Every structure is written in C-alpha cells, then in structure tokens.
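Following are the structures in question.
Below, chain A partners chain B and then partners chain C, in two separate complexes.
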Partner chain A sequence: MPSLTLLGQSVVSGLLAGGLYALLALGLSLSWGLLRLVNLGYFALAFLGAYLTYQLGTVGGLAPWTAVLLILPLFFVLGVGLHAVFTWFRVREFTSLLVTFGVTVIIESLIQWYWTADFRRYETPYASLSFRLGPLFVPALELLACLTAAALALGTWAWLRFTYVGKALRASAEDPAIAAAFGVNHRAQAFLLSGVAAAYAAVAGGYIALISTLAPSQMWAWLGVVFAVVIIGGLANPIGALGAGLLIGVSESVTMAVVAPAWAPLVSFSILIGLLVLRPGRA
Partner chain B sequence: MSGHSRRVAVGLVAAGLALSALPALGVPAFYESFLFLVFFWVSLATSWSFLSGYAGYFSFGHGAFFGAGVYTTATLTAGFAVPFLASLPAAAAVSALLAVGIGAVVFRVRRLRGELFGLLTIAITFVLATIVLNTKIDGGPGVYLSAVPLPRLVASPTGTMYLLGLGLALLSVTTAYAVTRSRLGLGLFAIHDDEDVAEVKGVPTFRYKLAAFALSAAVAGVAGGIYAVYVSYVTVGETFAITVPLYVVLMSILGGARHWLGPAVGAAIITASLYAFTGGNTAVLGRAVVALGLILVILLLPDGIVVALLARGGAWRRRGAAAPTVPSRDVPIATAHPLLAAPVAASPDRGPVPAPTSAHDGAPAAAVLVCEDVWRAFGGIQALRGVGLSLGRGEIVGLVGPNGSGKTTLINVISGHYAADRGRIALDGAPLTGRPAHAIARLGVARTYQIPRPFGHLSALDNVALAATFGTVPCALVAARAEARAWLDFTGLGRRAMALPGELNLHERKFLELARALAARPRVILLDEVLSGLNSAEMGSAIGLIREIRGRGTTILFVEHVMRAVLELSDRIVVLNEGEVIAAGRPGEVMRDPHVVQVYLGKTHAA
Partner chain C sequence: MRIPRYSGNADVSRPVILFGVMLAGLLVLAPVLPVAAAPAGQPIRIGSTLALTGPLGPTALLHKIAGEVYVEEWNRSNGLLGRPVEWIVLDDQSKPEVTRSLYEKLITVDKVDLLMGPYATGAILAAMGVAQRYQRILPHHSFGMPHLAKYEGHFPTAAFGPEPNKTVPTTVFSGLAAAANPPKTVAILTSKFPSAQFLSSGAKEVAEKRGLKVVLYLEYEFGTRDWAAMAARVKDAKPDLLWVGALGLDGNQLIEAMKKLDYMPPRHFHLFPAPGPLALSPDGKQALSVSVFEEHPPFMANPKTARLVNLFHEKAAKANVPYANVDTQVAGSFAAWQVLDAAVTATKSLDDKVLGQWLRANPVDTMIGKLRFDGPNNYGDDLFKLKQVQDGKWVVVWPSEFAAPGAKLQP
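And now, the complex of A and B:
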C-alpha cells in the first residue's frame, strides 16, 4: 500500500488530468446530445489546435494565450463549415461517426505530412511552474487547464439552461419537428453550437500543446477515455462531463499509483461498460 | 438451388481455382503478400458484416475478436508448441466463446443498440488489450513467432500464407452468401429494420444475434491466427489498435454492408488504394486521399458501391426489357382482390388452413385464448388492472374503450412484447405468460400494428415471407415466398410484391400488416386499429377481408374506434376503461349499458 502522500498526490494529478478529459469531452457531448452528431473530428481539431499553438509559439514567437485567441475564430468557422456539410447531406447520427472518422484521418495525415510523425515538445517557462500545497505538489498549468474546464462547463451549463439559444437547442434535440412548429430556428442554433464546440477544441488544443508531448497518432489515445467521459457524464450535460472527467482522471491515477500504470485504462473502460450494461433507463 | 445461387457457386469455385493456381505459376512473392493482405481484409470485413451489416448492430470491437485469435495462436504455437494449423480452430473457438459471453449479457439489454453498442464494443477491446498486456499472455514485450514451423502447402512460405488467406476469404464470402439466402439472414435483416417487430413475428432475435456474433467472431479469430504467423511478431499495441475495427467498418460501408459481396469489394478497394501509396510522404498523403474518397462515398452512396452498381444495372436492364409493368398503385383494393373468390392455395406440403368450427351465433365456443387477472404497470401508471377475457374459437371480439384505456397494452402483453406483472394468459390451454414473444408467435398468436411497422429494407414479399417462415408452421424460405405470394394476392397486394414498404401508400401498408399476420397461420389474430385512416371504400374492403379471415377459422380480437365496423363485425364486445373490463357481451346490449355510455360520452349523457 502506497503512502498517504503518494495517494494524495495521485488524487491531485488525477483531478488535474481529469480537467483536460472534460475539456475535450465538452464539445463531443454537446454535439452528440443536442445535434445527434457523433463528431470524432474533435480529437483531430484539438490536435491541430495544439500543433498550431506550437507552431505560432516556436516559429512565430507568439505567447500561447495569443495563439489560442487567434485560433479560436478559425476553429469556429471550421466547425460551422463542417456542420454545413452535415446539413447539406442530411447526415444522421451513425453516418456522422464515419464521416468524421474520415475527417480525423485527413487532419492526422496533414499534421504528419507537415510536422512529421516525430514527437514534438513545446518548451515554455510555464511548464515547470508549480506550487506546494502542504506535502502535495500542484503544477500550475494543469491547474489552469482544470479551472478552464470547470469555467467552460459551468458557463455552457448556464448558457443551455438560461438563454433562449440553450432552451431552443434542447427543445430541438427532444423533438425537432415540434420545436420548429413553435418557431425555433433549429438550423441557425445548430451552426452556432457547432462553431462553439469546435472553439472548445481549440482551447483544449492549447493546453495539450503546453502540457503533453505531441505526436499525430496521439489523438487516438484520447478517444476511448473521452468517450467514456461523455457517456458517463450524460449527453449534453456539461456539469456531468466535468464530474465524469474528474472521476475518471482520479480513478486512473490512483490505479497507476496503487496497482501499476499499465492497468490504468482498465478502470475507465470498466466503468463505461458497467454503466452501459447496468444503468437503468438510459437512452 | 436457384439459377442465381448456381451462378454464384460456379463463380466462387472458378475464382478459387484460378487464384489457388497462382503460387504454382511462380508469381513474385511481392504479389502473393499483397494478395494475402487483400484476402485478410476481405475475411475480416465480411465476417464483421454478419452481425453488424445484416442485423445492424454496429460493432467497433472487431479488433477484440481478431486480437483474441492473434493471441490464441501466438500462445499455443510459441508457448505450447501446438502446430500452427491446429491452433486455428482453437483461435476460432476462443473468439466465438468471447462473443457468446459478451452477447449473452449485452443482447439482453434492450437499449444497448446503435451507437451505445458500438461504444461498448470499443470499450471491450481496450479492456481485453489491457488484460493481455498485463498478464502472461503477452506481458509487454510482444511475442515472436518466427520460429513457428509453417505447413508446406507449396514450396514457398509466402505461397503457403497466400493459400491460407485465399481459403479463409472464400470461406467467409461463401458463408456470407449462404447466410443472406437463409432464414437466419432474413431474420437478421428484419432485426436491422425493427427488432421488436421481428421478435413478435417469430424471429428468435436473441439466439440469432448470438449466432451471428459467434460466427463473425470465429472468422475474425481465424484471420487473427493466420495474421499472427504472417507478421511473425505480435504486440498488443498493433493488434488492438483502432485501425482494425475502423478499417473493417469502412470497407464494409464502402462496398455495402448488407450485401454478401459488399465488404469484400470494399476491402479490395481500400487495401489496394492504401498499397498504392507506400513509402514516405506519399503514404501519408495517400491516407488522406483514401479518407477523402471514403467521406465522398459515404455521403453520395450510403448503401455502398455494390448495391449502387446493382441498382444501376437493374435499371439499365429494365429499360432494355419490353413492356414494363406499371405498378397498380391506384387500383381500388375492392376490385383488385378477389374477396369472395377461391381460398388461398395453400402450398401442398403444408396442409390446409384449419377449417372453421365457429360460433357465429355469439355464444362463446370452446375458448382459444384466455386472459385471467392480467396486470401491467409502467412506472406509476397501472395500464392493466386484472383484465380477464376469453375468445371462443372462430369468434370476432371487438375490444373498445377510450384512448389510454389499455387496449394496445393488452395486445402487447398477449403477444409477449411486454411481460404481464401478474395473471395468466393461455392459448388452447398452453400458458403464454413468461414466454418470449417469438415463442408466442410460433404457438399461434399474430398481431398487426396500428401504425404499420413493415421492415423497411425488405420487399413486401419478404415482409410476408418472414412471417410465414417463422410462423406456426415453420418452413424453408422458398416455400415461405410461395406462400407469401398467395397472401399478398389474398389482400390485393399481389402486384406490389417487389415494392419496398416506403413505396406503398397507407392502406397498402395496412393490408401488408394483415398479410404478415395471416401468413403466420395464427390461431388467434390481434388487429390493432386496422381501419383507422382508411376511407370508406377501403374500410368496406377491409371489413370484408376480416370476415373472410374468420371464415377460415381464425379467431380475431380487434381493437377499433370505428363503431360502425365494431357493431357490424363483432360477435361480442369487450369494453376496457382505465385498465379494467367494464362490460362484455353482445354488441347491442353493451352499447346500451349506461356505464359504457358514461365512459364514452361523459356523465350527463348517461341518464
């Protein structure tokens, strides 16, 4: 049995890692739950965002924050454009998964073509920044990522709950025909949501660039965990996604500390399988 | 054997013979290796379609079964010195058992369909990978198989692998063809379109899904076993990578997942195009081009290349043929079908429809269907509260009541779609309660749906043939199709046999519902508002049809709001209100019952 400090430390790093899971899960959860589109492309977009942040930082000398601010509108447009394709071809839930898989492969190939398959590391002074909390060690960047995820999740929740756009989106997800009969312009709102979700991928990408080592194929590594987070959190439920992200992050890092690092994936996937099979009354 | 199957068999044998001669011709090993990869992907993609293409249970976990095969062969040959070929049946068995184990749990949960099933299978793949990585099966460094002796089918090792790959590819494509032409295949197609209806029409959905899953996994397992020795060094990372399930899905969709040859064509195209871009940066860009092509095909040809080509070929041939037959869409049913003409010609080997032993005078004869004290709740809503009723042989009983009174729920409970919470239902003394819906259908209960629920991708003929082949007198598909034609003629849909349900109008679809119910040769038929939405001419022909059905000795319980029809047809009427039977008896008496009037029209009118 590891010491209490080690256990505490693994809980802290699990919570922080979970924030990044939640950040990636947000866009997927929104588009799946509200637009009935399962968009694998978010992983690719997040990595594209990460590489762009890296490029603007190492070659252009831009601070990561400025880089992300520049990338945000670009990604918003990309998200809207992709949704235009979906609408034009009347893409359904399942087809969206296949099409966005294709999109992911294209983006992955382009990244690999331009930046090669080698590992890239974006060295910034922030990476080593950290502070101590009693006996525990808290890296500043990870904390910031986690706080950003929490802020975005809360903001999105409030947006869906209290604004007209949010209510209209939720009504359209329940029953598009009835919502349309009540004058909800589903299409305009769907474009807005797609853009926002893609912009979230840019934010996640900025943090991925700062925190982890980049390689094009890494985007597939996030797939399973993030899907687990989306399902466990409940579709179109930002707070749920945040909670699920933290839960999975902690359970993974505690498993790494207590058992062995290589067993970590078993935790999130077993939780996912258990929930799918046992959870009653879920859609 | 039909002409089509003979042509397919000849084609497969010819292709097999021609391709198996290749190693003897001294072709460079490069081509053998390339073709081996094509065969490998053909086998994997085709096996995936058994469950996921035909039954619509999209699995992203084909890598799990492939991986189970890889590691079974790796463990047996490297660890226990089992001969390579002897390890392949074991690989098939391990993968099939894994599938049956997963299916036995997952297929019992109704909501685990669609994308949730897909996710579940991804998760299972990762769990399996983690277990293999962290146990002695692999342990981390991978397993070397280069020392495993190869059987010498031909002189060169690549030739031997080529022949094994060819054999497996032929086996899987032949299996695919056989399945799509069988009752199993028809049942799986029906599950794809509407699983609940398939079950109610007599398809043992749970068993069929398990069978398809096991078959699919077994082929993937053998493919894994062969591939393990082909690459001669296996790692968890490569084996359980996302590439296997995703390529398999894409190949099948590209070619057409519901066609027996579709996945094979898709696999050949994708493998060849990936191979065309090898080496350096062209490989990377090539992958992007393949992905783009894939997006375009999915968006533009959603049914796959093979189906699109067949449709085009069909249209071309029809244009060439003389005197195309115009579908008789607007011919009134009343004149189109011979209501009072000769009875349906039952196919000789199945015997005649049981003769009527009816009681037209209204007194219940020997009870066929008995419900006693049937209860059913949905959450807090008590939909049925101790319903009791019995149907005499050959009777027509009208079941009426306000909306929400539990009529359709009662039909759903009798047909087994919902289980009763309490109470007893019996058909000719045999208890129905507790039996699965498909077993109830086989015992002789058929139903129609108020809003027709035909299998959207099956022709009208196959919709009816499915009911016949899984009905009370199970029969082979060929006999079932012949029988289905007779029932389509009986309901006036004879000329629409090859139409898809989407091409039928509402009253044709309602009559298709009837034909499906009749083709099962039920003892009791439950009609759920067959008349609603029909105009008065159509209604007249429907009423005639219902009489005709009773004339053949079938007992009928029909739910209806059209009072004219209820009074005209029913020997007895049962009135349901808030889940309770409040009146039962002859039509005239029941409709004068003050309680019934009150329920229908409100208190003031009851006086």
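And now, the complex of A and C:
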C-alpha cells in the first residue's frame, strides 16, 4: 500500500499538472466551441511560444515573464492572421482538422529547422524551487502555471458571460443567422477570439519552456490528453476545461503512484469514454 | 679530394637547382608517400534512413552528422574503391513502418549499392526484414535486442554482446561493487521503449542474483511528461541506487522532479541518456551510465580516431548541436561506417554476399575496439564500461584500464 504522504504528494502533483493541461486546452476549447474550428495548430503555437521564450531567455537574457509579455501581442496577431487564412479558404469544422494538422506540421518543421531536433532546456533558478506544506512539496513553477490557468479560465468565463463580445460570440455559435439579425458582427469577434486563443497558447508555451524540456516532436505528446480535457470539460467552457484538466491530472498522478506509470495514459481516455457513454450529449 | 663548391657565378641559376632538387626528392619519395588521388567514376551509393524528425530526432541528428563526416572523409581521400561515395539518407520520422517502406524504396527505386542501418532498435528491426528479403548486408549502430536479430547479414556495432540484459547490468553492478560503499538496495524505473525495457528487466534479475534488494520496479510509457508521481515513489522507496532505463532526457526530468521533492538518491544510473544535458546540468553531477567510447585515453590513442572526433566537433558546432562530444552513439555510428569500409576495402567488392562472408570471418578494428561478428546472432563481445559525470564531463571510471587518467568512481 502506498503511504499517505505518497498519496498526498501525487494528488498535489496531479492538480498542478492538470493546471498545465487546462492552460493548453483553453484556446482549443474556445476555438472549437465558438468558432467551430478544431485548431490542432494551438499545440504548435504553444511550442513556438515555448521556443521563443527559451530563445529570448537564453540568448536575449530576458526574464521569462518579460519574454512571454513580449510575444503575447505577436501571437495575438498570428492568431488573427491564421483566422484570416481559414476564413479566406472557407475552412469548416471538419476540414479544420486537416488544415490545422498541416499548419502544425509546418510550424514543427520551422522549429526544427531553426532550433534543430536536439533537446533544449531553459535552465532557470525557479526550475527546482518548491514550497513545503507539512510533508508535501509544492513546486513553484507548476503552482504558478496552475494559478495562471485558473485566473485565465475564470477571466474568460466572466468575459463570455458578462460582456457584449462574449454574449455575441456565444449567440453566434448557437445560431449565426439569428445573431446576425440582432446586429452581431461575428467576423470581427471571431478574429478577436482567434487572437486571444493564440495568446493563451503563448502563455502555455512560456510555462512549457520553464517546466519541460523542449524538442519539436514533443508537441504531439500533449495532443491526446488535451483533447480529452477539452471534450470532458465541454466545448467553449473555460471552467469546465479547468476542472477536467485537474481531474485528469489527479487521476493520472494517483494511478502512477498507486498502480503503475504505464497505466496513466489509459486514465484520461477511460474517463472520456465513460463520460461519452454516460452523457452522450455533453460533447 | 676536394669537392668543388657551388658558386653563385655558375651557369645554372639557383631557382633551377632548387627545382631540380625538389623534383629529385619527390621522385625518390614517391613510392613511399601516400597517394590521395581524387575519387573518380560512378559514385557508390549508400542508402539509409534516420529519424530526422519525431521523438528520436535529437539522437539521430548525431548519427547523421557522423555519417556525413565519414562520407566526406572518403571523398576527400580516394573514395571507396577509388570511386566517390554518395549517401542517400531519408527521414523515417522515428517510425518503424515508415522505415520499412523507405528501405524498400532505397533498394528497388534508388537502387543503392550498399545499405547502412537506421537509428534505434525498432527501425533497425524493420530495416532488417527488408535487407533480409533482398539479401543485402546491413551494418547498424544502435540495436539493443540482439536475440531478435536473426538475419545473418546484419552487422551490429552497438557492442552489447549477445546477452546485454545480463552483461550490461553485470558491468554496472560490478563497477559499483568495487566502490567503497556499494549499494544494497536498488529502485528500477524504465521506459517501455523495447531495448531500455529489455535491459532494465535484466538489471532486476541480475541485481537480485547478486543479492541486491530491488525495492521498486516501474515501467513508464516512452514519451512520459509527468515525472512527479514517479519521483515521489522513488523517494518513498529510498534506494541506494536508482537505475533509470532512460532514453534521452528521461533522467534529467526525473532528477528535476526529485529535486522538487527535496530528494536525491545516493547514486543514479541512466541507461541511454542524452549525454549533453545530463553532463552539463548541475543535477547530473556524478550520474552514471555505460559507454563504449569517451574522448580521453585510451580511446583517443589512434590518430585517425582523433581526426574523426575533431571533424565531428566542427560539423556538430556548425549544426548548432549543444553538446558535440563523441560518445557511445556517435562512436557506434562511426564504427558502423568503419565496418562497411573495412569489408569493401578488403574484398574490393560491393557484392553483399562477399561482404557478408568476409565480415563473419574477420574482426574489424573500429574506434570502439575490435568488433567480431561470429557469435550468436552475429554479436561479439560486450565492450561497455561504466562511466560517470565528473566536472561536467563523462569519463569512464571502470574497469580501471579504460578509466580516464586519474578518474575513479565518486564519491
């Protein structure tokens, strides 16, 4: 039997890992739910953000936070640009999978061309920093990532719920024709949302650079679990994405601690399948 | 008798005499000077794939650079059998199924004269099937499961010996047993990547046979992202030695996760680590691994080896590789090219049957040592040694005859 400390530690680790899942899932959930675009490109954008943070930090000597703040507007513009391309080519929900898969491969190739396929590690003094909570240890960077995910999820939820733009976006997703009849300019708001979602990818990328080791192909390693988080959390539901991220993070971590690490990847998809069977209308 | 001296007033001018002397010297020395005639004729085409993209990309990049260095050296001298060499290297995307198709293409469409193996066990196994079907020889550098290699035309330079699941752990535990404070308990964490899992499960058996207590044995998926829970389990088990059946940066990430829990095991061993990040990281201090080559005596004694190492450094630096040192992976790669070179040069043939027969009958001197292919499944001796990170560099520490000057197992 695992000790209580081991169990407690795995729950803490899982919650924090779940925060990063949620952070990555946020942009994808918004794009899929409100724009009907399944944008696989977010994984590539997040890794591009991670590499740029690494580059600005290691070569430019900038603090990671400054680096992320610098690339945020760039990613907003990139998101808007990508959406312009999707609009121009009339990309729809199903075709978006194929198109954004292509975008991901192109960005991955560009990353590999510039930074090579070799591993990159952004060494910072925060990497091993952790706080003690009785017998448990809370890693500082993962905690910050989790808090950022929570803040962005809450902020996005409030934006969608209480602002005109948020309500308009939801209305357009529900029924574009009726929304347009009420004067909603869906095109402009879609560009705004694409920019915001890409900026979220940059934030996630900043944390990936600080927490993980970078290699271009690793962007694919996040795909399965983040997709599961998006679907379990519900499309365009930021709070749901946060909750699903935490749920999957804890489930995986406890599985690793109690059963075996090799069983952990099964957990997220088992939860997803269970949910689809029990509540088929949810996704 | 007085010999008249040359005087400046003679009829023959000084430059003409100088030229004459040089010409005479050249004529005298011509038979003993090495002649590096430029290679001529139709190029010899050697085909292979490498994982230029995908999760194996970082290490495959080193094999690509090693191959380029070797082929350029051929072409700088007089080629292979006096002919220039062209290396066709395709991207197998780290996928065995892609590797299989590409080797089929190399043989049937590109019609290459010779084959070189891809990187890593899965891809090599896939390529081996194709090579066997067309009866082509396949030298390769990174195959970790000798019992699966049944084709008589494969020639491995990953010098594990026929039973690496026994010999490699024996090397590690023997080296540690010779230390002042040998470990009594061991925790084994391993990637499920085939060769890593194979060797690590062997380590469990060898450890138990040697009387070490295995306090934890865990397998994780290749490409695992979350190390925190595994770090917590290692901390809970409190082993004297942590064996990580690591690939790439697995070990770095596990160490980092353990440090966040304010824990480090007294000793930690990493099976197939990315050498640079572990050596250069402050967390990698005194990390252990195994190696067939490091850049220190006695491995660097041969001038040809030293030249290949220097050329690799230059090319790797240009390719922006952060850690450009030659160790097991790169040396194994060079050794595979040396095996092909030796067979073709000795037989003066490109016939796979002739080359295969010669290689099975003759040992080949390579930069990692003498390789023979007459053992079970064409495997010879296990040439691996125990190495450790000391002062930011990997150095062999055991057996002592291969240890870097003054290096001993620390602490």
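One rule holds in what follows: the second predicted complex is superposed on the first by the 281 of 283 C-alpha atoms of A that agree within 3 Å, B and C clash if a C-alpha of one lies under 4 Å from a C-alpha of the other, contacts with A are read in each partner's own complex, and residues count from 1 in each chain.
Operating definition for what follows: a contact is a pair of C-beta atoms (placed from the backbone, for glycine too) under 8 Å apart; a residue touches a chain by one contact, two chains touch by 3 or more.
Given the structure is predicted, the values throughout are model-derived calculations rather than measurements.
Visitor: Of the two partner chains, chain B (first) and chain C (second), which one does A:T66 touch, if any: first, second, both, or neither?
Guide: neither
Visitor: If you stack the two complexes on chain A, which partner ends up touching A:A262: first (chain B), second (chain C), both, or neither?
Guide: both
Visitor: Once the shared chain is lined up, is A:Q55 touching chain B (first), chain C (second), both, or neither of them?
Guide: Touch partners of A:Q55: none, neither chain B nor chain C.
Visitor: Looking at A:T124 after the superposition, I want to know if it touches chain B, chain C, both of them or none. Which is it: first, second, both, neither?
Guide: A:T124 contacts neither chain B nor chain C.
Visitor: Look at A:T87 in the shared chain and tell me whether it touches chain B only, chain C only, both, or neither; answer first, second, both or neither.
Guide: Neither chain B nor chain C is touched by A:T87.
Visitor: What is the contact status of A:V99 with respect to chain B (first) and chain C (second): first, second, both, or neither?
Guide: After superposition on chain A, A:V99 lies in contact with chain B alone.
Visitor: Should A:F137 be classified as contacting the first partner (chain B), the second (chain C), both, or neither?
Guide: A:F137 contacts chain C only, not chain B.
Visitor: For A:L110, decide between first (touching chain B), second (touching chain C), both and neither.
Guide: In the superposed model, A:L110 contacts chain B only, not chain C.
Visitor: Which positions of chain A sit in both the chain B and the chain C interface?
Guide: Touching chain B in the first complex and chain C in the second, residues 108-109, 112, 260, 262, 265 of chain A appear in both lists.
Visitor: With touch defined as at the start, can you tell me which chain A residues reach chain B in the complex?
Guide: 38, 85, 89, 91, 93-95, 97-99, 101-103, 105-106, 108-110, 112-113, 220, 223-224, 227-228, 231, 260, 262-263, 265-266, 269-270, 272-273, 276-277, 282-283
Visitor: Could you pull out which chain B residues touch chain A in their complex?
Guide: Residue positions touching the partner: 58, 105-106, 109, 111-112, 114-116, 118-120, 122-124, 126-127, 129-131, 133-134, 140, 241-242, 246, 249-250, 253, 281, 284-285, 287-288, 290-292, 294-295, 298-299, 302.
Visitor: In the complex, go through chain C and note every residue touching chain A.
Guide: So the residues of chain C touching chain A come out as 52-55, 57-58, 60-61, 94, 189, 192, 218-221, 223-226, 228-230, 232-233, 236, 248-249, 252-253, 256, 259-262, 274, 276-277, 281, 283, 319-322.
Visitor: Which stretch or stretches of chain A touch chain C in the complex?
Guide: Per the stated touch rule, the residues are 2-3, 5-6, 9-10, 13-14, 16-17, 108-109, 112, 115-121, 123, 127-130, 132, 137, 139, 142, 212-213, 215-218, 221-222, 249, 252-254, 256-257, 260-262, 264-265.
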